[in-house]
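Next up: some structures, all given as structure tokens.
First chain A sits with chain B, and in the next complex the same chain sits with chain C.
And then the complex of A and B:
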């Protein structure tokens, strides 16, 4: 499967009469976007705001972040199973408004969704302080239940992203990169002297507000399966995960998964990147055993020498991570694990809820319990009062002057376990 | 087949599965300890006690499915629940004076997660 990604670099976003890209600026017809995003009887109102890097703006609570993309050649369309039909994606050509993002906000539930600060110390922790953000605030009708509420806000974001992505259909990309993964036997034969590496992509799938979807299917309901890496670039995987802002994977990050990008960067140089195995993180121990058994079986079936395993979330997914590690290593296949830590505010506590001596190559995305002070912003898009109840905050987190003291787990993407963040370690 | 028992402090779970619950009037820690006690009597864990991404020090509710078997101690279940108790103990108390609507959301999410058990 071969996909060209054409990036149209977006350096500014403005409201305008027609939605279009001109000289690196994304112009957005505010009213038209609100109408399209709001095409659901269960939505009472939609408001559209802009938030640019460096502005004194806080977005809170953030449900999802989505990158505008449009399919210009090849089968299928963006968001298969949701906006498009379920035709297979990941080949042909896709244009990306690189530098732009749709951010959805609204009270999905009374807690959990996180913060994006466009300036100040909080901006250093989130990748979405650097994007030109089109913020879609969705208010559902009264009395909507929690399941429908999550669904309608999720879909409003996808509709908004598709609408904006269309502005890139006829634009000339600033750069084009080709990504290709061949069928298994051909791929193995292409670089016979290089170690064969696969990627085990763990997805949060435990229920309401904890879901991830593949071609519209809740990944909780699948057994682990193979995926061409390019499928994610057409948003075959989308987030319905509202929980744990710092280490959930927004739809934007799925489409830009840095593990896949880095594996492609080394493809044909130091490794032979064989493809992805997607797997789930379920509630029952039997499901965890089954999925890790299947995942390990697929790595053996692929005949790879090593795998990268990324986790999503904390707590019981640590058990999935450990099971995957143990069972894959037992086949003589080396593993590298990517996780984050909840090591207490002083960093001194045990980081994970489970562990294994075979997990001897682990990358951390940071300690989610680290405390940060976020100064007041001139503008807050959303509902500032939820700072009191979101995960990582506490009673009194939101001060009278509008500043917030909280753990960095309140910040979207702060300890993203795909590595799409800014935290790093330096030897001293 | 052994029918699962849900050990829970969540009234929404009791309302939906009245025949399959053992209600614990208490905290998440009390639920964990009740599950641990059942495991010592021979029960096995069905659901992971740290299910969900909402940390156990933040949600006031927790439901855990067990198979109420009797017999020799199932060591793996015991390790899992003891690890969960230890994880909860090292997390700072973050429960706040949540509004009723927030509490309702916590109850519905806990119910949804446990409802996926076949």
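And then the complex of A and C:
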């Protein structure tokens, strides 16, 4: 499968009469976008705001972040199974409005949505302080249940992203990169001297507003399967999550998964990147055993020498991570694990719920319990009082002066376990 | 919590869904339960059946409390 990604670099976003890209600026017809995003009987109102890097703006509670993309050649379209038909994607050509993002907010759905600060210390913790954000504030009709509410906001964000992505259809990309993964036997033969590496992509599927979807199917309901890495670039995987903000993967990050991007960067140089195995993080022991058995079986079936495994979320998914590690290592295949930590505010507690001596190569995305102080912003899009209830906050997190004290868990992407963040270790 | 209570000489049965975590943490008496969001229930059952399921699990836990073990044991 071969996909060209054409990036149209977006350096500014403005409201305008027609939605279009001109000289690196994304112009947005505010009213038209609100109408399209709001096409659901269960939506009471939609408001559209802009939030640019460096502005004194806070957005909370953030439900999802989505990158505007458009398919210009090849089968299928963006968001297969949701906006587009369930056609296989990941080949042909896709244009990306690189630097722009749709951010969904509104009345809180669960209790694990997050914060994006466009300036100040909080901006250093989230990748979405650097994007030109089109914020879509969705208010549902009264009495909607939480699962419908989650679906309605998720879809409103996708419709907004597709609408904006269309502005890139005729635009000339600033750069074009080609990504290709061949069928298994051809791929193995292409670089016979290099170690064969696969990626085990764990997806959050604990239910109760913790769901991830692949071509429209809830990943909780699948057994692990092979995936061409380029499928993510057409948003075959999307977030339906209200899991803790710091380490959920927004739809934007799935489409830009840095593990896949880095594996492609080394493809043909130091490794032979064979492809992805997607798996879930379910809530019964039998499911966890079955999925880790299947995942390990598929890595053996692929005949790889090593795998990278990334986790999404924390707590009981740590058990899935450990099972995957143990069962893959038992086949003589090396593993590197990517996770984050919940080691307490002082960093002194056990970081993960489970452990294994075979997990001897682990990358951490940071301690989500670290406390941070976020100064007041001139503008808040959304509802600042949810700082008291979102995961990582506590009663009193929002102070009278508008500042917030909370764990970095509240910040979108702060400890992202695909590495799409800014935390680094400091040598002492 | 299991270990801290046992440290004071009080026997504990850890009823939990993800048995491997309980084994890693070091619980001595482990009783597997239904699912993480509903360890002692099952929303797919009728209320009467669910009550029966609960009773069975609690009875099994009480039996485990009264059982001598030589090391970590999954009931």
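One rule holds in what follows: the second predicted complex is superposed on the first by the 426 of 428 C-alpha atoms of A that agree within 3 Å, B and C clash if a C-alpha of one lies under 4 Å from a C-alpha of the other, contacts with A are read in each partner's own complex, and residues count from 1 in each chain.
In the analysis below, contacts are C-beta pairs under 8 Å (C-beta built on N, C-alpha and C of every residue); 3 or more make two chains touch, one makes a residue touch a chain.
From a predicted model like this one, the values you see are computed outputs, not experimental measurements.
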- Looking at the combined model built on chain A, do chain B and chain C fit side by side or clash? clash
- Who does A:244 touch here: chain B (first), chain C (second), both, or neither? first
- Message: Contacts for A:189 in the overlay, against chain B (first) and chain C (second): which applies, first, second, both or neither?
- Response: neither
- In the overlay, answer first, second, both or neither for which of chain B and chain C A:323 touches. second
- Query: Where does A:207 make contact in the superposed view: on chain B (first), on chain C (second), on both, or on neither?
  - Reply: both
- Task: Please work out whether A:265 is in contact with chain B alone, chain C alone, both, or neither, and reply first, second, both or neither.
- Result: neither
- Message: In this superposition, which partner touches a larger number of chain A residues, chain B or chain C?
- Response: B
- Message: Touch test for A:284: chain B only (first), chain C only (second), both, or neither?
- Response: both
- Message: In the overlaid three-chain picture, which partner chain does A:395 touch, first (chain B) or second (chain C), both, or neither?
- Response: first
- Task: Figure out whether A:353 sits in contact with chain B (first) or chain C (second), or with both, or with neither.
- Result: both
- Message: I'd like to check the shared interface: which positions of chain A are touched by both chain B and chain C across the two complexes?
- Response: 206-208, 283-285, 288, 316, 318-319, 353-354
- Sort out for me which residues of chain A touch chain B in the complex. 109-112, 146-147, 204, 206-210, 220, 241, 243-244, 248, 282-286, 288, 313-319, 342, 344-345, 349-350, 353-354, 388-389, 391, 394-395
- List of chain B residues in touch with chain A within their complex: 45-56, 58, 65, 80, 83-84, 87, 90-92, 94, 96-99, 101-102, 104-106, 108-109, 112-117
- In the complex, chain A touches chain C at residues 206-208, 283-285, 288, 316, 318-319, 322-323, 353-356
- Provide the residue numbers of chain C that touch chain A in the complex, in ascending order. 17-21, 24, 32, 34-37
